[in-house]
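In the two assemblies presented below, chain A is common to both, partnered first by chain B and then by chain C.
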Partner chain A sequence: MSWGLVGVTVRFGRTPALQSVDLELPAGEVRVVVGGDGAGKTTLLKAAAGALHPESGEVSRPAATRVGYLPASSGVYPDLSVAENLQFAAAAYGVAGEALRARRGMLLARAGLDRVERRLGSELSGGMRQKLGVIRAMLHRPDLLVLDEPTTGVDPMSRRDLWWLIAHAAAEGTAVLIATTYLDEAERASKLLLLDHGRALAAGTAEEVVQAMPGRLWTGDAKPADDAAGRAWRRGRRWRLWSPDGDAAPPQGWQAAAPDLQDAVTALLLGGELRPVEGGAA
Partner chain B sequence: MAEPLAESRDVTRRFGAHVAVQRVSVAVQQGEVLGLLGANGAGKTTLLRMLLGLLPPSEGEVRLFGERPSFAGRRRIGYMPQGLGLYDDLTPMENLRFARAVYGVSRSAPHQALPEVAVGRLPLGVQRRVAFAQVLQHRPQLLVLDEPTSGVDPLMRARLWQEVRAAADGGAGVLITTHHMEEAEQCDRLVVMADAQVVAAGGLEDILAGEEMVLLDTPDWAAAMSLLEAKGLEPALVGRSLRLPAAAEEAARQALAGVDVRLRRAPATLEERFVELAAGRA
Partner chain C sequence: MWAMIVKEFLQLRRDRRTLAMMIVLPIMLLVIFGYAASFDVSKISAVVVGPEAKSFSQRLKSPFALQGTYPRQGVAAARRDLRDGKADVAVVADATQTLVLINGADLFTARAAETAIARLAMSQQDLAQLKAQLQTLLPPGTAVTFMTPLPPRVDVLYNPHLKTALVMVPGLAGVILVFIGTLIASLGVVRERQAGTLEQLAVMPLSPWDVLIGKIAPYFLVAAVDLALVLGVGMWLFGVPMRGSWGLLILGALLFLFVTLSIGVLISSVSQNQGQAIQLAMLTVLPQILLSGLIFPLASMAAGVRWIAYILPLTYFVEISRGVMLLGQPIGDLWRPFLYLAVLGAVVVTFATLRFHRLLNPSPGHGGGRRAASAREARP
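Entry: the complex of A and B
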């Protein structure tokens, strides 16, 4: 079974939040959408989860009770305890009995939350709150699990637990969609979608996105000349310089560099910024 | 080597019976970017507060600009807290003007056009740029940035890092805390804290210490994952491969006897190494 979006456009007033975006969400796979604040990630996730209806395009998703959705706000009730939060979710999804108890116990223990079951949502650390939110969303073994930035601001130990939950859901056959700003997480997915201003700038495996970077990449030790500074960024003490037109030879003092995902995404986002200027000159 | 800008010498801090920082020595030198890594509760924030002179150590000594921390010394520091430290009800320009008045400096360089809107209503990425402008405008000799790029896209992150590196190139020392491994890889030196102590320090290569992971490629990763977990192993899913510390290779072979699986080695990522260091302390 596969879910997803075909040619989906969403507008808020006159502002396009998503412009004709395609995304396939196959069962048992983890897909990541990466982009910044305002790129359209949340809108895309809401459309995939059925929380908003697009102006045009097709969305295929399971019945609402077979979707698990974690909004960016973590979806945890601050005035309920950990146990009550889960009880509430189980009741809402109509799951109960021994199987639920076993699953709930296993997920809580694996996420290190079994010792804080009585603690209120408001008393949890950021990482604990996010883990509880993900468990809440996947408690009923949904067919589609949609998680909006589950790992933003979370420490690496909690991040490890969160990714275990995500992998576990996929192993059970759930289609998983995650929004993130972290590229190492995009590399952990089977495929990623790079979103900017509501447009898909690139899609595919991490290797495919790296190959989709137009032009050439150079590396050097000295600050680039002023006219090139807008196409340059730092990697530690060294510089990277991107030539969108792909000149065959590097500028003097620069050497060819093999881009990684971080370089490729930076270049693609820069290209997205430069494009309107090119159009304006015509 | 010149005297460090900020230094802790064998510093311990207790809160009642709880030891938050135990015998930690770190030094921030001119012109370098020092990254401080640690899980929540590892003692990073307590150490930072002691280095800034906001909290006295229980034992050991803190030196700021070669002296005991003083009010005068604080003027030479630019501190950006996790919450950014901006006034939400003021416009960016009003925030900058107010901070200049506090530090008693005149306007140094013209800022890019700033929106005439209350900061609280601006996108997160723009707020971060304003916060950077605010901590840099009095030309601090020591920059202290607490998770400076959480939640921004890779291009914005690259731009903020250009500012950080430019400050270091100009001779400032930079101390950064981060949970974000891409960001940690931009630093010149790293200090890893776990359980109130320093568990590793040095350049990226020193921290990685040549550690390897074993990658398992199999057509049915979900089945392999449950076989490994049944034997108490905790593989991570990355793309369609499962990753385990190299030390677990033999146990993995046994758990997957008879399964169609290909094993190969790869260098550990900083995040994997971090989790191992932190878990080793727990």
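Entry: the complex of A and C
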């Protein structure tokens, strides 16, 4: 079973938040949406989950009882305990009995939350809250799981736990859609979609997106002093310089570099223009 | 719906301050309002000046409390005493005519003084004394008959001692419920919005009706307990009678509660933050207190203002509670306020449901451009 969005457009007043975006969400696969602030990631996820109706386009998704959604705020009630937060979700989705107890116990234990079941949502750390939010969203074994930046501001150990939960959901056959600002996480997904100002800049596997990067990439030891500084960024101790014109010779002291996903995404965002990737929608 | 109700109960239980406020505040308000909101004037301070001051001061009895008798002083001194707050009433007793000056700045005392002075002019007791004095002057056996008829005997029903508390307490129960219900319920959805859990509710398989009832249910229960407490304490402390049917009063109170809480939840659904919600709630609470007929009679209001009173639920609850408790009215006499409350409830709940529907099915489009959009949801 596959879900997704076709030609979806969303406007807030006159401001376009999404412009004719396509995204396929096959069962058992993880799809990641990346982009800067205000790119339209949250809007896309809301439209996919049913929290927002687009102006035009088509959204296909399972029934509401088969969708799991983690909003950007984690969706955890601060005045309910861990157990009560999960109980509310289970009751709302009509999950009960031994199967619920077993699943809840397994997910809480794997996320390291089994010892804090009585702790209030407001007393959890940021990482714990995010993990609880993801468990709450996937407790009822949804067919579509939509997670808005589940790992933002979370420590590496909690990120590891969160990705275990995400991979577990996909392994159960759930179509997973995640928004993230971490490109190393985007590389874990089967395909990714790069958004900028509501437009799809690139889509495909990480390799396809890297290959789709236009122009050439150079690496050097110092930041360029001229107007090329606007096309340069730092990677570790060295600098990258992107040249949209692929035939141009490298500047004095710069060498050719092989771009990775981070370079490609940065260059694409700098380029700011849509360049469809062979292979169609993500 | 049950999931939502349980969640709201758990949240309310954990919010100890709000819960304590919902239980303690009504009793506190009742006691304060019951004692403070009194229009009864039991004491009117008075001074008497002028040549006949001594003889006039002997006639002054309760509620007048004589502060002084000054036969050598005149009108100027009397005015000064009123202005200085030495007395509420100053009498200038002259041989030819007596002038009574009343401090109109204190409205209720002034009205009470006016009534008491009128009684003083010719009370039953005065007539009896006059008759007895005349009998002593006339030959024995001579009958004394006054040409003017005696004042009619006055018998005050339902509130013989004209106690303010008896009239106020049934309505005060409504005021307290408006305060508690509207103010606290108005924070319900705002809290979801501020905690970022509203979007999650929108995606969950919950209908707007589920969320609305879930939000109202716990407050409904607590407010019903409040109502019982307020009426119980009101009857015990102020001696408010219950002359009608408890069932009728409970029915009216539940209907009123439903309307009040629905208004609170409706306010919550249109507010972006708690400050806005409280301001909007106060905007609905204050007119109800002032215009419901609890303090000022509806008949004495200007027509335009009276029509505002007619759209406020407290107006009808005051009519029902006073009607049932003081007058012992049956449903046949009270069907109008019941009907109006039911209609008002239906209108408010419809608006609240529509608003919840919009909240839980948001559309960012403002140009009606959703024609081309479609969502295919697989059957569960």
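Annotations
The rule we apply is simple: the second predicted complex is superposed on the first by the 270 of 282 C-alpha atoms of A that agree within 3 Å, B and C clash if a C-alpha of one lies under 4 Å from a C-alpha of the other, contacts with A are read in each partner's own complex, and residues count from 1 in each chain.
Here is the rule we use: a contact is a pair of C-beta atoms (placed from the backbone, for glycine too) under 8 Å apart; a residue touches a chain by one contact, two chains touch by 3 or more.
Not measured: the values here are computed from a predicted model.
In the three-chain model built by superposing on chain A, chain B fits alongside chain C with no clash. In the superposed model, A:A167 makes contact with chain B only, not with chain C.
Of the two partner chains placed around the shared chain by superposition, chain C is the only one that A:L52 touches, whereas chain B remains out of contact. In the superposed model, A:P251 lies in contact with neither chain B nor chain C. After overlaying the two complexes on the shared chain, residue contacts for A:G236 are found with chain B alone; chain C is out of touch. When both complexes are overlaid on chain A, the residue A:M157 reaches chain B alone and has no touch with chain C. In the superposition on chain A, A:D79 makes contact with chain C only, while chain B stays out of contact range.
When the shared chain is aligned, chain C comes close enough to touch A:P62, but chain B does not. Applying the stated contact rule after C-alpha superposition, one finds that A:A17 touches chain C and leaves chain B untouched. Closest approach of chain B to chain C, taken over C-alpha atoms in the A-based superposition, is 15 Å.
The contact surfaces that chain B and chain C form on chain A in the two complexes do not overlap at any residue. Partner chain A is touched in their complex by these residues of chain B: 38-40, 123-125, 147, 150-156, 158-159, 161-162, 165, 179-182, 185-188, 221-222, 225-226, 234, 236-240, 269, 271, 274-275, 278-279.
Partner chain A is touched in their complex by these residues of chain C: 2-4, 6-7, 10-11, 14-15, 195-197, 199-200, 202-206, 361-367, 369-380.
On chain A, the positions that touch chain B within their shared complex are 28, 30, 34-39, 125-127, 149, 152-160, 163-164, 166-167, 170-173, 181-184, 187-190, 196, 205-206, 233-237, 262, 265-266, 269-270, 273. Residue ranges on chain A touching chain C, taken from their complex, read 1, 8, 10-13, 17, 43, 46, 49-67, 69, 71-80, 84, 87-89, 91-94, 120, 143.
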